[in-house]
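Per-chain numbering from 1; labels A, B, C, D and E assigned in written order.
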Amino acid sequence: AEDPIKVGILHSLSGTMAISESALKDTMLMLIEKQNAAGGILGRQLEPVVVDPASNWPLFAEKARELLAKDKVDVIFGNWTSVSRKSVLPVIEELNGLLFYPVQYEGEESSENVFYTGAAPNQQAIPAVNYLMNDIGVERWVLAGTDYVYPRTTNKILETYLKAQGVAPEDIMINYTPFGHSDWQAIVSDIKAFGSAGKKTAVVSTINGDANVPFYRELGNQGINAADIPVVAFSVGEQELSGIDTGPLVGHLAAWNYFMSVDADANYEFIDAWVAYTGKEDAVTNDPMEAHYIGFNMYVEAVKKAGTTDVNAVKDAIIGVAVPNLTGGIATMMPNHHITKPVLIGEIQDNGQFSVVWQTPSTVVGDAWSDFLPGSKDLISDWRKPMSCGNFNVVSGTCGGKAAVAAQ
Amino acid sequence: MSFLKELANRDKVFNFLIPEVSPVDVRHGPILYLEDVSVSFDGFKAINNLNLTIDDGELRCIIGPNGAGKTTMMDIITGKTRPDTGSVWFGSRHNLLTKSEPEIASLGIGRKFQKPTVFEALTVFENLELAMAADKRVLPTLTAVLNGECRDRIDEVLETIGLRNLRAALAGILSHGQKQWLEIGMLLMQKPRLLLVDEPVAGMTEQEMERTAELLTTLAGKQSVVVVEHDMGFVRSIARKVTVLHQGSVLAEGTMDQVSNHPDVIKVYLGEET
Amino acid sequence: MLKIQKIDQYYGESHTLWDLELDVPEGQCTCVMGRNGVGKTTLMKCIMGEETVKSGSITFAQEVELTQKKIEDRSRLGIGYVPQGRQIFPLLTVEENLRTGLAVRKDGSKKIPERVYELFPVLEEMRHRRGGDLSGGQQQQLAIGRALVIEPRLLILDEPGEGIQPNIVAQIGEVIRTLIKEDGLTVLLVEQKLPFARKYADRFAILDRGRRVAEGEIAGLTNELIKKHLTV
Amino acid sequence: MWLTRPLAERSTQTFLGVLFAALAVVTVLHLALPEDNALHVSAYTVTLLGKYLCYALLAVAVDLVWGYLGILSLGHGAFFALGGYAMGMYLMRQIGDRGTYGDPVLPDFMVFLNWQELPWYWLGFDMAWFAFAMVLLAPGLLALVFGFLAFRSRVTGVYLSIITQALTFALMLAFFRNEMGFGGNNGLTDFRDLLGFNLRTDATRLGLFLATGVALAIGFVICRGIVTSKLGRVSVACRDAEARTRFLGYRVERVQLFVFVISAMLAGVAGALYVPQVGIINPSEFSPLFSIEIVVWVALGGRATLYGAVIGAVLVNYAKTVLTGVMPDAWLFALGGLFVLVTVFLPKGIAGLVFKPKKAAAPANNPDTQEATV
Amino acid sequence: MGSTRLLSQLLLVCSLLWPGFTQAQVEDTEAQQLLTALAESSFADKEAVVNRIAGSGDERARGWLESFASNKLARIESSGQFIIVTDNRGRDWTVQNALTGENLGEFSRRDIDTIRVNNALRGELEDILSVIDLKSPNQSSRLSAARTLKGSVDSALAKRVPGLIETEQSAPVRAALTEALAIYRVAEQGDLAAVETLSGSLNSQARAALQQAMRSDNPELVAAATKAMDSIEQKLTLNRAAETLYFGLSLGSVLVLAAIGLAITFGVMGVINMAHGELIMLGAYTTWGMQQLLPGQPGLALILSIPAGFMVAALAGVVIERTVIQYLKGRPLETLLATFGVSLILQQLVRTVVSPLNRTVITPEWMSGSVMINEALSLTLNRLYVIGFALVVFAGLMLIMRKTRLGLEVRAVTQNRTMARSMGIKATRVDILTFALGSGVAGLAGVALSQITNVGPNLGQSYIIDSFMVVVFGGVGNLWGTLLAGLTLGTINQLLEPWVGAVLAKILVLVLIILFIQKRPRGLFPQKGRAAEG
């Protein structure tokens, strides 16, 4: 038989990010196993190559290089944090690899070699705010985030957006905390004060990872419940909830493109497979796992379509590939290497699951360049030939930066 | 650079016992002058209105009961302890209270500690090398070279302190008495104007004591020496003028005979039968 | 009381004690003498177990083989040690320093024996001061006091007079004498100062470069011996 | 003078010989052999080795202050990162208008966060000489100010260690902030070229590797020069008995400051060479745990030997590379176990195992001086 | 508050219905209809359905509404049968018939259609339930119902409230109702007399009402409202200060707890224990484990975790001591290295054995929520317990170190090991005991932290640096120093936070530590004297 198709898996299995990323590694292994059982692709088996970048950003670059140069993988699924993606990006581009990135992120990026299967801000943040504004009637906003790029960018976009919607500056409170912040007393108390001005208030949380547990705990203890001041989070999913006593959190919100509780056959099958694979009855699924599921299937389809694993051929073939997602719809790879996704708002339930309370009527196309940032509102990305440009300026009609290099 | 070298070389012509020309101004009398010095620790007065003058070239013995404040006095002179009140002058120009330990040391005050302290991870030879009088600023130290003359000087001192065989041994393995000697050697290398020697003969044999006594008496005259010791035999053999400290101030001062017949001194210090 | 037979000791490569023999008869004061660095302190450390001997035996009270015992058990047998260089616990108060010895007392008493304070009144005066703050001589007194707290049968003193004012040195000598007489204490003393040794010791032993070169009643410590072994 | 002395030493000669031979072998195997040859050294390996050498230089810098001066710096990562950021800023400016937004002056992250102009501290970094000077000056200056304050007040032992840790921790938090203008958590990345050489070519990579090798050699000789000079012995004296050294007339604080600053600058150089090779600099280099890890390399290799630091750094990082690939789920057990076993069974580190300890310059294990040497 | 009018009508209905409420039972077909309507209407329409259900007088209505509010009212997809889910964990759920209450056993989640609820509805439901509660015989439910009325009284309700006040027996309920009414009158009617009632009130709705009054064009009203507002502001400032202080102390006590074990292992024994954080982690995991062992009794489990957490961490400490530390006597620096290795191993161990994910530790009832001092100041209970716990642990440790022989012996051993042994102190035993003690205390910290923060493999790392800072800031080897340092740093941090934000506050605290150490190179309580200065 032919050589196997090598699939690189670049997720931290140790260090601070292991908490989120290790499940994604297992998801990939499961998907590969299933695909192999179904005969592989083009008659070739798939072979996973797992490495541990240990939550260390330079190590991500090193491992990516190792995967591409040494192990000669055909595709990489990996990364969680944006910084790790930024770190591997030059490597992937230089060695012309393929990377599927499964996590929501701040946008403002489009690489020929990267496929963004997680949400861009317009696929998560903006719809969530719309929901709060229109359905809940929120007038006062707390934008609380961990102090780094993703929250800063998202909040910048939201701030512009909210102001454009007529929200007064004094009705927006922005607050940043360090990574792993664990003492939320003062901030929660501030939020409480901010929210007691008589207008409906909501918190839009871009608080990252470990800081969430103490945050929600403090909310509960200071007696803020979802009916008073709802919190909508962009990075709290089923997996994070499995580490929190959700009793006091019922009703707080999260915006994602997938929830484990979604009532769809594809989802039930995926969950069953996952439970069987992990052997844990209480194993949970979450949004980035779905993103990998979609990304993997898209890759499979693209390879079939191209008839080869050649990177350039796959890159061309994958645009337009449509595969079912787990919420009963279809995800399509767009020319800007982002995919179409439905946006779901869920409320936390006492069993650690979300109950969907709202959802976009149709899927939303991921936007690489936000329309609400002055620097990028004129940019679009289209990797189809002949344009082949990640940051085409529609006003000046030129392709910025990278393409200029390629053209030289 | 060459200027530095020249500077460094110039003093090599001197024999190591001859002190370097020091900036101390002794034309107006004593080399060391303590006036009304007091210091207390958590309310305990260790030094109490102490007045003391040491003349240039003098060899002074200081005795006194345990805890009288002898070591503390040395701490004050060398800048280790800051007194609460009083003034301390080195010659008539230098107010020691405004100076840091290294400054005081480079003015020409050397000290041997009561508990021998040497650099245990360095060899005996290196201990002496570091103590050697030289430009002790950072860059000169970095560029310093050990020329033949320096070596000779070190050898000479090694001879004097009887540690020639152990020159390459780490100072950490020396026996107690050997460390005492090494410290004396370091003091010699420093060529200070004023030597403060705290219990030099503790742990030495009778004969070594004699040698030490001899050494100290040769030093006196050219250098000023202050010795603290409890061994009366030793003190007697070197003493010209003896000061007795008690509870932080001077109890008696005079020749050995005067002092040892002083009733208070007998009572608090010597005991009846000495 | 203590019988040392043919012990050899090495610091790494260097052979420090050679085939050393020494007898410390019960109820007497035996004084070990020798120049700097001949191995006196090393010998004491071997007895206390702080250094291990390569060969030979050390027998305590006719029956106990010390070389097999752990350090902490030796003091339980009733050996008190005043090391050279004081080795007090600098950050413990004077009283706490003394109390460290209480654990091994046979009578299980929790009080520091009166005698210690009687002997060294300064310790009582300064009981709440940190050991390390004391003057050198006071520390030495503390070290001796601490060894007395355990009420030893054998007291090892390594240059106890060092740094102590003359009248107290004399007093220490008297105490040694009393203890020997009244309590049947045995003393092993390292001392350089001849007058003191002559006055309070019953026997002497001279070491030279790790070997015992002379031994006998203190009266037998002749000037000739001194000249030969104690001067350079 | 003091710099040439180490060259005459056997141990330095051996070290340099081994280092240069390794550089040569790698170069030859990389250039001369075809890619499919089993002995061919790939560009990937070359970069990896280059990274190890950066770490080695960093470890040497730490060993200088820790091994010989007794200052256990738990914040050397800060100097490394500062050097790295200086280089990163230069590389960012070199991107010019090739960035995604095509802004000729502002780096991408500033454009999308809506910065209008370059902050003042970014000025000048478009000039190589300035940036390279900053590689030395930024860490050097920080070390100077910090060291001046700390040594002047005679902060020693753990107190010093912990405030170095506080320093790097504070810097980490500061650099995380987007407002600081250093790219926040995402750091600086997407570098294109260095001094006109395209960073994404194998030739540049080899060049950087060789440059790092040479830097390590120079750094080693400088450190060796210091420790074999009289100043080195004074350092050891400060390490073991600081107060006593003062009474000999040495200004301990100045000695400490001098060596500390040199060490910080070496760390900065290591950081600067590291950044173009790994392609990113981000605040995690400031993380206290990274700084502790550096100390662990040194201790593992053998403290107060310099070459031990090199061995430790290379070995630990090589082990990391291999183990994270071979046993991704369990490599921390292996690494943790390695740390434990080496400490327990090889008190002098690996260097102590391989080389007969000459005259032990290692610190004395005297209970009285423990506190001082911590 | 669009729903309040509905509410007040409901109140009328309820008050009429109350006595005979329980008797009525509607026909099942009607119930079926109501529930179907609930299931099939949009969120916007559900409100009306809910009210219909509440007003139906069916004795099962309350149960339906409660299950509906907690997402447990559902329908079997295939049969359309209405059910109440009694256990919704995992893939198969236990259910009972919503109409008959009959147990139906387990159903796969796939076959169950939950009737969706959202926040707005849930709020509504709570209000409905609480308005019913205004008539409840239970005084405390009346009180909380009355409190929720503040700010949501409307004209219809305003007519009824005076009557309620009159018949109300309990004074606090009366006061709450009066205030609720006053808020309405000030805000909506500009009633000057009611302003008086609100003066000094700390309720935020009262403040909003006064603010509104201040904007009115009746100068008299404005003056009165301004005056009332001023008095409120003064009170508020005081309360704010008290609150900040409390926050500071509670953060400080967390720091103290985290650091105090280290004050023993590091401060007293001199072991630079990088695995300290992981020992804390073990304590936290013990709490989790205990709660797994005793499902349904989180409180008991938590209390049992105190000894258990201590033991587990202490045992781990003994193992570390015996396998690693004992070989590093006299090499304090190497302990840093080895324990760093140990910490890596422990972390990974937890990842492999338990899970890389955070674990849920439940806060028992009696520890959640807060005690209300007044409406502007409430003290969160879990923090209150932690403060108390920290003090108790500190006192206990102090006792052991000061009053037992162990305290003396361990200090003697660390200061001069051989000499201590020569004095007959069993150094090995002392080492083991002390290290176990320090580790055990770390375990206790873990038990407490499990109530505040994540229980996960990274728990330790997030506290280790802070712990070292605290110990060093306080002065190594001084327990009082650790206490004071922890509390000081905590308070400073909380004082700074409102000014400069959390990130800068943290940076500033670090800078402060650096500067402070310049001033006092040996911490808050330095070891003084000759010995320390060397």
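Following the convention adopted for this analysis, a contact is a pair of C-beta atoms (placed from the backbone, for glycine too) under 8 Å apart; a residue touches a chain by one contact, two chains touch by 3 or more.
Worth saying up front: this structure is predicted, and the values here are computed from it rather than measured.
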{"item": "Partner chains that subunit A and subunit E have in common", "value": "D"}
{"item": "Furthest chain, CA centroid comparison against subunit B", "value": "A"}
{"item": "Farthest-lying chain, centroid of Cα atoms versus that of subunit C", "value": "A"}
{"item": "Chain closest to the middle [Cα centroid of all protein chains]", "value": "D"}
{"item": "Centre-of-Cα separation between subunit E and subunit D, whole angstrom", "value": "43"}
{"item": "Chain centre separation in whole Å, for subunit C relative to subunit B (CA means)", "value": "30"}
{"item": "Between subunit C and subunit E, centroid-to-centroid distance (C-alpha), Å", "value": "62"}
{"item": "Shared-contact residues (touching 2 or more other chains) in subunit B", "value": "41, 80"}
{"item": "Two or more partner chains touched - positions in subunit D", "value": "173, 176-177, 241, 243, 329, 332"}
{"item": "Multi-chain contact residues (two or more partners), subunit A", "value": "13-14, 147, 176, 178"}
{"item": "Complex contacts: residues of subunit C adjacent to subunit E", "value": "48-50, 70-76, 81, 83, 87-92, 96, 99-101, 103-104, 130-133, 146, 150"}
{"item": "Residue ranges of subunit D touching subunit B (in the complex, touch as defined)", "value": "1-2, 226, 229-231, 233-234, 236-237, 239-241, 243-252, 254-255, 258, 359-364, 366, 369"}
{"item": "For the subunit E and subunit C complex, residues of the former touching the latter", "value": "405, 408-409, 411-412, 415-416, 418-427, 477, 527-532"}
{"item": "Interface residues, subunit E side, partner subunit D - complex", "value": "270, 272, 274, 323-324, 327-328, 330-334, 336-338, 340-345, 347-349, 352, 415-418, 461, 465, 468-469, 472, 476, 503, 506-507, 510-511, 513-515, 517-519, 521-523, 533-534"}
{"item": "Residue ranges of subunit B touching subunit D (in the complex, touch as defined)", "value": "78, 80, 100-102, 105-106, 110-111, 113, 117-123, 126, 129-131, 136-138, 141-146, 168, 170, 172, 186, 190"}
